[in-house]
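Across the two complexes that follow, chain A remains constant while its partner is chain B and subsequently chain C.
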Partner chain A sequence: MKRGHIIALGVFIALILLVSLGITFVGKVPMTTDVRPLGLFYLKNSYFGNYAARSPEVVTSILWDYRGLDTLFETGVFFLAIISALALFRIEKKEEKVKEKGEGFTFIVKDTVRIISVLIVAVSAAIALHGHLTPGGGFQGGSALAVVPLLIIVAFSKYALEGRGLTKDTAMIVRSIGLISIIILVLIPLAAGGYLMQNLPVFPSHILGQLTSGSLVFYNLFEYIAVGAGFTAVFLLLSIPEKVFHKIIGGEKE
Partner chain B sequence: MIFIHLVILAISMILGFVFSYLAIMEEDLLKAVIYSAGQGVMFSIAFYILMAPDVLLAYIAIAIGIYTALLVFVISKTERKEVV
Partner chain C sequence: MIEMFLWALVLVSLMATLVISIYGIVIRPSLIKKLIALTILTDSANLLAIMIGYRLIYPVIPPVLPQRTQEGLSKFIASSVDPLPQALVITAVVIGMAVNVLIAFAIIQIYRICGTTDVRKIAEVMKDGKT
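For the complex of A and B:
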């Protein structure tokens, strides 16, 4: 590391320490220990009460019930981002497989990825499906799931995924199924005489004696599928080798 | 007890700051991405101490896994060294 870097870092760290110590001991910022009225309402009513989402996880009940439309449009933004990525790559023809000679990674990396990917799928499913009970939810679980195809693309190749049927088109179909199911879930309460994205009286709070918090578990499940498949499609597109990509697009010459 | 938490918070934020400084100043872009991932690790510790596990779960997958990998893909399509 150069000398200038050390000086700059030292100055910045000293500044941060001085400011934080100054705020704590001299400025006497009041430490708030009580919850604001709106927060108190959410805390009291997320499980008990007349307006409850029947979920002990306050964040998820805010995300998919109280402020549900926000999350719905957030999902819409993510949908548009993936669509624009697909439009940028504009690949319609089927690409040919390039066989490059090489050893690849050692068996240590490959076997580790084989074991770890199963673990990550299990953990991400737990994050998403327990989203109404513990911290986590559909988006968190889905983005954890998207790490699996990424690891496989890096350790093996993208053809290892496509040979097993997980092509860009399959990922897009799975993602569309997830998104359409979310839209249907949004519209179900309207058909039952309620409001858009209404949760509890329409959906049952317990299914087979298990707490499912109405529609929260379904929203989390379909968001999990949609986010995981959406990221997978983008990774499959990005991992196309540059040579093949130029051949398909037919643009600039090497 | 809260004092230990605050100390861990301060250390992780300072280390995160060091990592982000290194990521900006590094000319080898691949190394800069790795520094950026280190900053993500430090910030995720900070999120855990600030009692935001929902943010943490999304951040740890995106900042360390997906974001890093996206940038590595992008660097593989351009040049590795930053040219000023």
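For the complex of A and C:
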């Protein structure tokens, strides 16, 4: 670090402190102690009330019930981004396996990954399926699930996944199943004579005595599958060896 | 007073982080550094949105109903934070992740074709047509 950098950093930090002091003593700090009326409506109606989603988790009930259409289109944006990423990295010819055997990691890393992967799948499923009861949901659970293929790719190899049937195409099929199920769930209330994406009373709030908050648990489940599979496909593409691409693009940059 | 100062300090620091990340996006020539600055920008914007929903009271709890009774509900409303910004941010985080993946893929592809991630050199390579 050069001397000038240190001085600039010091000046910057002093400026931040001075401005905050100025705001504290001279101006008015923008702070709230109340919930805004819209937030208050959601807090009151999430579990009790006439417009209830029957979910104690207010954020999930906003996500998939009150502002459900927003989330639906945000899911659309998400999968458009994934599809574009896949389109950038597409390989039309069948990819040949790069035959190079290194030494690999020690058994400590490999066995740890074997144990941890099972744990992560269980934890991510719990995050997704309890999304209507505790903080969490489909997006979070799916992102956590996608860590498993990433770990396996790093510890073993991409071919360990593909040899067991989890190729890019399988991941895309699973992802499409998740998305189609979400669309069917959106359309079910219309068939039952309600509105698009209506939650209660079209879907039952309790199934077998367990609180499922209507459609929230199903949305979370399918979003979990779709996000996890989408990120898995991305990671599989990202781990294609550079040699394969050099062969396709022309590869004079060796 | 001390809470007010700390709150103002966090807000000003976040604003400064926003400004720094915009500087990074505009000035730094490397595409990788632009992407890093972009992720910092989205994260600090999300944090700012979360802070708008925060309540400066004690005790304050997350927007999850602790007891499913009417009595619990009134206690919950008195101390819970605003759930709406959190609901907006959670999708923004995941979408931001997907968009970052897309940008990273594009940068990797540009590096494969041009052999550099420096925007000035990319412009030269493209002009000369020697990919």
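Keep in mind that, in the parts below, the second predicted complex is superposed on the first by the 215 of 254 C-alpha atoms of A that agree within 3 Å, B and C clash if a C-alpha of one lies under 4 Å from a C-alpha of the other, contacts with A are read in each partner's own complex, and residues count from 1 in each chain.
Just so we're on the same page, a contact is a pair of C-beta atoms (placed from the backbone, for glycine too) under 8 Å apart; a residue touches a chain by one contact, two chains touch by 3 or more.
Just so you know, these numbers come straight off a predicted model, no measurement behind them.
Colleague: Contact-wise, after the overlay, does A:A192 reach chain B, chain C, both or neither (first, second, both, neither)?
Modeller: neither
Colleague: Using the superposition on chain A described above, determine whether A:R67 touches chain B (first), chain C (second), both, or neither.
Modeller: Touch partner of A:R67: chain C, not chain B.
Colleague: Looking at A:I7, would you say it contacts chain B, chain C, both, or neither? Reply first, second, both or neither.
Modeller: Neither partner.
Colleague: Who does A:P56 touch here: chain B (first), chain C (second), both, or neither?
Modeller: Once the two structures are laid over each other on A, A:P56 reaches chain C alone.
Colleague: Could you tell me if A:P135 is touching chain B, chain C, both of them or neither one (first, second, both, neither)?
Modeller: Both partners, chain B and chain C.
Colleague: Have a look at where A:I82 lands relative to chain B and chain C in the superposition and call it first, second, both or neither.
Modeller: second
Colleague: For A:V147, is the partner it touches chain B (first), chain C (second), both, or none of the two (neither)?
Modeller: first
Colleague: Please name the chain, chain B or chain C, that touches the greater number of residues in chain A.
Modeller: For chain A, the partner with the higher number of touched residues is C.
Colleague: In the superposed arrangement, does A:V118 touch chain B (first), chain C (second), both or neither?
Modeller: Neither: A:V118 stays clear of chain B and chain C.
Colleague: Name the contact category of A:T33: first (chain B only), second (chain C only), both, or neither.
Modeller: After superposing on A, A:T33 lies in contact with chain C but is clear of chain B.
Colleague: Show me the chain A residues, by the header's touch rule, that chain B contacts in one structure and chain C contacts in the other.
Modeller: Of chain A, residues 12, 16-17, 20, 59, 135, 137, 139-140, 143, 238, 242 contact chain B in one complex and chain C in the other.
Colleague: Which residues of chain C touch chain A in their complex?
Modeller: Residues in contact with chain A: 1, 4-5, 7-9, 11-13, 16, 52-57, 62-65, 68, 70, 73, 76-77, 80-84, 86-87, 90-91, 93-95, 97-99, 101-102, 105-106, 109, 112-113, 115, 131.
Colleague: Please output the residues of chain A touching chain B within their complex, sorted ascending.
Modeller: 5, 8-9, 12-13, 16-17, 20, 59-60, 127, 135-137, 139-141, 143-144, 146-147, 150, 154, 231, 235, 238-239, 242
Colleague: Applying the document's contact rule, which stretches of chain A touch chain C when the two form their complex?
Modeller: Spelled out, the residues of chain A in touch with chain C are 12, 16-17, 19-21, 23-24, 29-36, 38-40, 42-44, 46-48, 56-59, 62-63, 67, 70-71, 74, 77-79, 81-82, 84-85, 88-89, 133-135, 137, 139-140, 142-143, 227, 230, 234, 237-238, 242, 245-246, 249-250, 253.
Colleague: Inside the complex, what are the residues of chain B that reach chain A?
Modeller: Against chain A, the touching part of chain B is residues 10, 13-14, 17-18, 21-22, 25, 53-54, 56-58, 61-62, 65-66, 69-70, 73-74, 76-77.
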